[in-house]
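Following: one structure in structure tokens, then a few remarks.
A, B, C and D are the chain letters, set down in written order, and residue numbers restart from 1 in every chain.
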Amino acid sequence: MEKSQLYAAITAIVPEAVTAEGKQFPEVTVTPGNVRSVMGRLKEEPSLSFDILVCLTGMDYGTDLGVVYHLRSYTFNHMVVVKTRIPDRENPAIDSVCSIFPGAEFHEREVYDLLGIKFNDHPDLRRLFLESTWGYPLRKDYKDDVNIVLK
Amino acid sequence: MKSVIEYFKGIYNGIKSLLVGMSVTGGYFIKPGTTLTQQYPDNRDTLVMFERFKGEVVMPHNEKNEHKCTGCGICEINCPNGTIEVISATEVTEEGKKKRIIDKHIYHLGMCTFCGLCVKTCPSQALAFSQEFEHAVFDRTKLTKVLNQPGSKLMKGVE
Amino acid sequence: MEFSIYDFSSFTAWIDQSLRASMSPGLAVAIEMLIIGVVILIFYAIVGLFLVYAERKVCALMQNRLGPNRVGPGGIFQTIADLVKLLFVELVPIKNADKILFSLAPYIVIIASFMAMGALPFAKGLHAIDLNIGVFYLMAVSSMGVVGVLLAGWASNNKYSLIGAMRSGAQIVSYELSVGMSLVTIVVLAGTMQLSEIVQAQQYGWFIFRGHIPALIAFVIFIVASTAETNRGPFDLAEAESELTAGFHTEYSGIRFAFFFLAEYINMFIVAAIATTVFFGGWMPFNVYGWEGFNKVMNLIPPFIWFLGKTGALIFLIMWFKWTFPRLRIDQLLTLEWKYFLPINIINVLIMALIVLLGWHW
Amino acid sequence: MEVKEKKVGLENEEYIINMGPQHPSTHGVLRLVVALKGEIVQRVEPHIGYIHRGIEKMCENLTYQQIIHLTDRMDYLSAHINNEAVCLAVENALEIEVPERVKYIRTIMSELTRIQSHQLFWATFGMDLGGLTCFFYGLRDREKILDIFEESCGGRMIVSYNTPGGLMNDIHPNFQNRVKEFLKYFRGVIHEYDDLLTGNVIFQERSKGMGVMTLEQAIAWGLTGPTGRASGFSCDIRKHNPYSAYDKVTFREILYTEGDVFHRYLARMEEMRESMNIIDQLIDNIPEGPYTAKMKPVIKLPEGEYFQSVETARGELGVYIVSDGNKNPFRVKFRSPNFVNLAPLNLMASGSKIADLVAIGGSLDLIIPDIDR
């Protein structure tokens, strides 16, 4: 499938999304509440069938937090990037996609651990690497004077 | 009847595969010449490391106790983990100009990850890797080394 | 035709008579027991030390290594150095362990292997005791060690140890059957359980040749089953270091660990010695009917050399197994015993009985 | 974590053992909390983070050249390939075409890395199953590749050989001869691997039908590398999205459908042979030329997001770089294959025995620093 066709197909499936042009992969920006339904549709649509969750990245954009999903299709070998931004820094929450991609379980725990984003309906949301008393180190405003020494 | 044949075939193939495995180990047992063990502390004199082996960062000095380091600090900037500290001083040359020279080029071997960026980016090739690999010491402070030798000078012609 | 020119029975008889001549019979027996005890103890230690060294050397050569090579020429004093180290290692007290059973377990294991040593005929007339149920005695005594292993696992208050001990229990109880049945096959052929008579019966040909196919099958099963019984690889499930760290002896240190360690090697020696006695003619030299000159040369070699040589070859075989094969899983281990070895063994005993009845053996 | 043992009658009692952080079969500081019922594993819960070093956080304060040396320390057995991933991402972002020579050398180095990684896998997998001799044979042959690395790169495992735009230094003049020598040697001894382990009846009984992942499961959990390909999941990045010189070589993607421990093992054994074929096609044709493209001393990526996948010895390594135009990246995320492959361990291992858990864990070929990052 050509890139422009892919854009068109994705826009048809996800009408509420903003698709950015001129990027490495087609990009879809959705609101946190829509993530699960958008991902579900992208996976179920037979002409797209984004059935592999390659990567799930937690982001801190400085002002708001975000989660970036990289999806790939096993049949067509094309990729899409689904992005979402969570403006609430105090108590960020987003829907979990574990029910669609079981492999997201560890990814989401990692994001929760390092950025403090809560995933609703996650089967086992605990911290993955760090202790429960630790802060959220991947946030830009994280301070650790003992372990982080900047020159 | 078929299952009986399968049963005995299974036994035969199983035993055969075991004997094949034993022939490998047995083969090495009767060929003691194939051992590869290096008797390390004994072969120290003959042990030659590869010339590119990244043992530790050194600053080569020539016989007149001169090095090539201008004290520019590029190695310090490029080092990913603060292994190198360049403490520079100023010196007044014969023409009366002020010139930056190094006072101490400090190298923390304990922090070095041997990425090679300092050696690669040094504009005057003042740094090099030595093939020394026996770094063990009893006191951690000994891992902090001053690379320029005492009383050493900048080599003529290196800016 | 006299096969062996070496006969120790007159030598032992002379010691017995000279002791009895100078003191009361009770004291004489006590002193004899003491002498035998000391001799066996020394022999035990030497065999243990040598086997540990041999194992390390054998596995090193199989693995393209040199093995121990620092302590003494070729590393021959390595095991002595290890022993000294083990003697000085602290006996780590285990919290909430059953102290009495914990300290008792290694002794049970070592006593079991020690007792088995007494019945082995090393040469003609060179054995501590010649029971008329020798085979039976050896089996009974050598399976006593499992009690020690079970105790060790239970008393250690360690989960790994307990799993290891339970595995060991299941394993030894199962494989004891195979060991017994394969020995019974030969007992049928020999018609006696007395070890000295079994050896004597092999004067004109070892049982593995005389009993041909059934004896060969019995031997293969015996060597595999006894490897399992001694908890050695590929049947070392009780210690399985990649699964259970060290299994039943995880918590043992110092001399107590050394006891387990030594007992493993001595057990290996004992099963190899039983196999030698029963299948390979014990201390009998290798003779071929009709080759008089060859036989004479063979007869010149002392019987204990024959005995130790054959035992050594079998020990090497067991070591070879260990350093080649991956470990079995517990259910496979039991499947192998109950589905393969036991049926084969029972049929094998029947075949052997038939052969003996019809006189189809040599 | 609080480990509670339920005490409701013997038949319902769970026997919880802690495999790790120090355990012979977890290959590092992985801790598996295993609930047992007799020998049967009820559930496995991986606890990770014992060597979490915050590489992603560290990257935010380093330049792109400096990131390279951290990627060495993630999956230390695929150091070359990890380096390459970051380099490719940076080069793609800058739209730099690296010289052909660099592409060839990178590909050869990557394949050598893959072989040595699989050799170590074979060695440790044999050891996990109790065949101790495998360990020494595997390491013996791996040593020869490490020598090749040491001669050209200066490091054995931690090579830091790739740099954005090219290589740290040119290959050693002996490189080609040594590689050819190694291939000749290794083709002669690889049959020992099969004799000792692959064909062994005990090994086959231990590994066949254990820890099965179906194709659907493998896709859903995102298993990649030999682990995924054993389930029939065609996920070889080298084949589907070729990078470096992989579009110039012909090779076979090893695919099986069974998805059990044995076929994961087999996939790795076959991959070693395929890697040797790839090196064969390239080693004599390394073009002459510079060993690095012209690069500015300070690399600043244009603002944007860049994602690059490479095929490491264990699966797909994804590098996701978000740049805000500075010399340091705004955010770096490593999608490490081991992290993803570890996740379905409970699914694979529950219902099997302890010994199978060890075999399944071994067959995933986990590298713990890559999981923790």
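Here is the rule we go by: a contact is a pair of C-beta atoms (placed from the backbone, for glycine too) under 8 Å apart; a residue touches a chain by one contact, two chains touch by 3 or more.
Just so it is clear, the model here is predicted, and its values are computed rather than measured.
**Student:** When the contacting C-beta pairs are counted for A-D and for B-C, which pair yields the higher total?
**Tutor:** The greater number of contacts lies at A-D.
**Student:** Report the inter-chain centroid distance for chain A and chain C in whole angstrom, where each centroid is the mean of the CA atoms.
**Tutor:** From the centre of chain A to the centre of chain C is 64 Å.
**Student:** Just give me the whole-number Å value for how far the CA centre of chain A lies from that of chain B.
**Tutor:** Taking the average C-alpha coordinate of chain A and of chain B, the gap between them is 41 Å.
**Student:** Any idea how many Å lie between the Cα centroids of chain A and chain D?
**Tutor:** Each chain reduced to its C-alpha mean, chain A and chain D end up 24 Å apart.
**Student:** With chain centres defined as C-alpha means, what is the inter-centre distance between chain B and chain C in Å?
**Tutor:** 51
**Student:** What positions in chain A touch 2 or more of the other chains?
**Tutor:** none
**Student:** Scan chain B for residues touching two or more other chains and write them down.
**Tutor:** Where chain B meets two or more other chains at a single residue, that happens at 18, 21, 24-25, 36.
**Student:** Residues touching two or more other chains, restricted to chain D: which are they?
**Tutor:** Chain D, residues with two or more chain partners: 133, 140, 196-197, 200, 202.
**Student:** So, with touch as defined above, which chain pairs make the list?
**Tutor:** A-D, B-C, B-D, C-D
**Student:** Spell out the residues on chain B that touch chain C in their complex, using ranges where they run on.
**Tutor:** Checking each residue of chain B against chain C gives 11, 18, 21-22, 24-26, 28-29, 32, 34-37, 39.
**Student:** Per the contact definition, I'd like the list of chain D residues that touch chain A in the complex.
**Tutor:** Going by the criterion above, the answer is residues 48-49, 52, 54, 56-57, 61, 92, 219-223, 233-235, 240-241, 304-307, 309, 316, 318, 320, 322, 331, 333, 335, 339-340, 342-344, 372.
**Student:** For the complex, which residues does chain B have touching chain D?
**Tutor:** Contacts found on chain B: 13-15, 17-18, 20-21, 23-25, 36, 50, 52-54, 78, 80, 113-117, 120-121, 129.
**Student:** What residues on chain D touch chain C, complex-wise?
**Tutor:** 15-17, 23-25, 36, 39, 126-133, 135-137, 140, 196-197, 200, 202-203, 205-206, 353-356, 358
**Student:** Taking the complex as given, what residues does chain C use to touch chain B?
**Tutor:** Within the complex, chain C contacts chain B at residues 58, 60-66, 69, 320-321, 323-325, 340.
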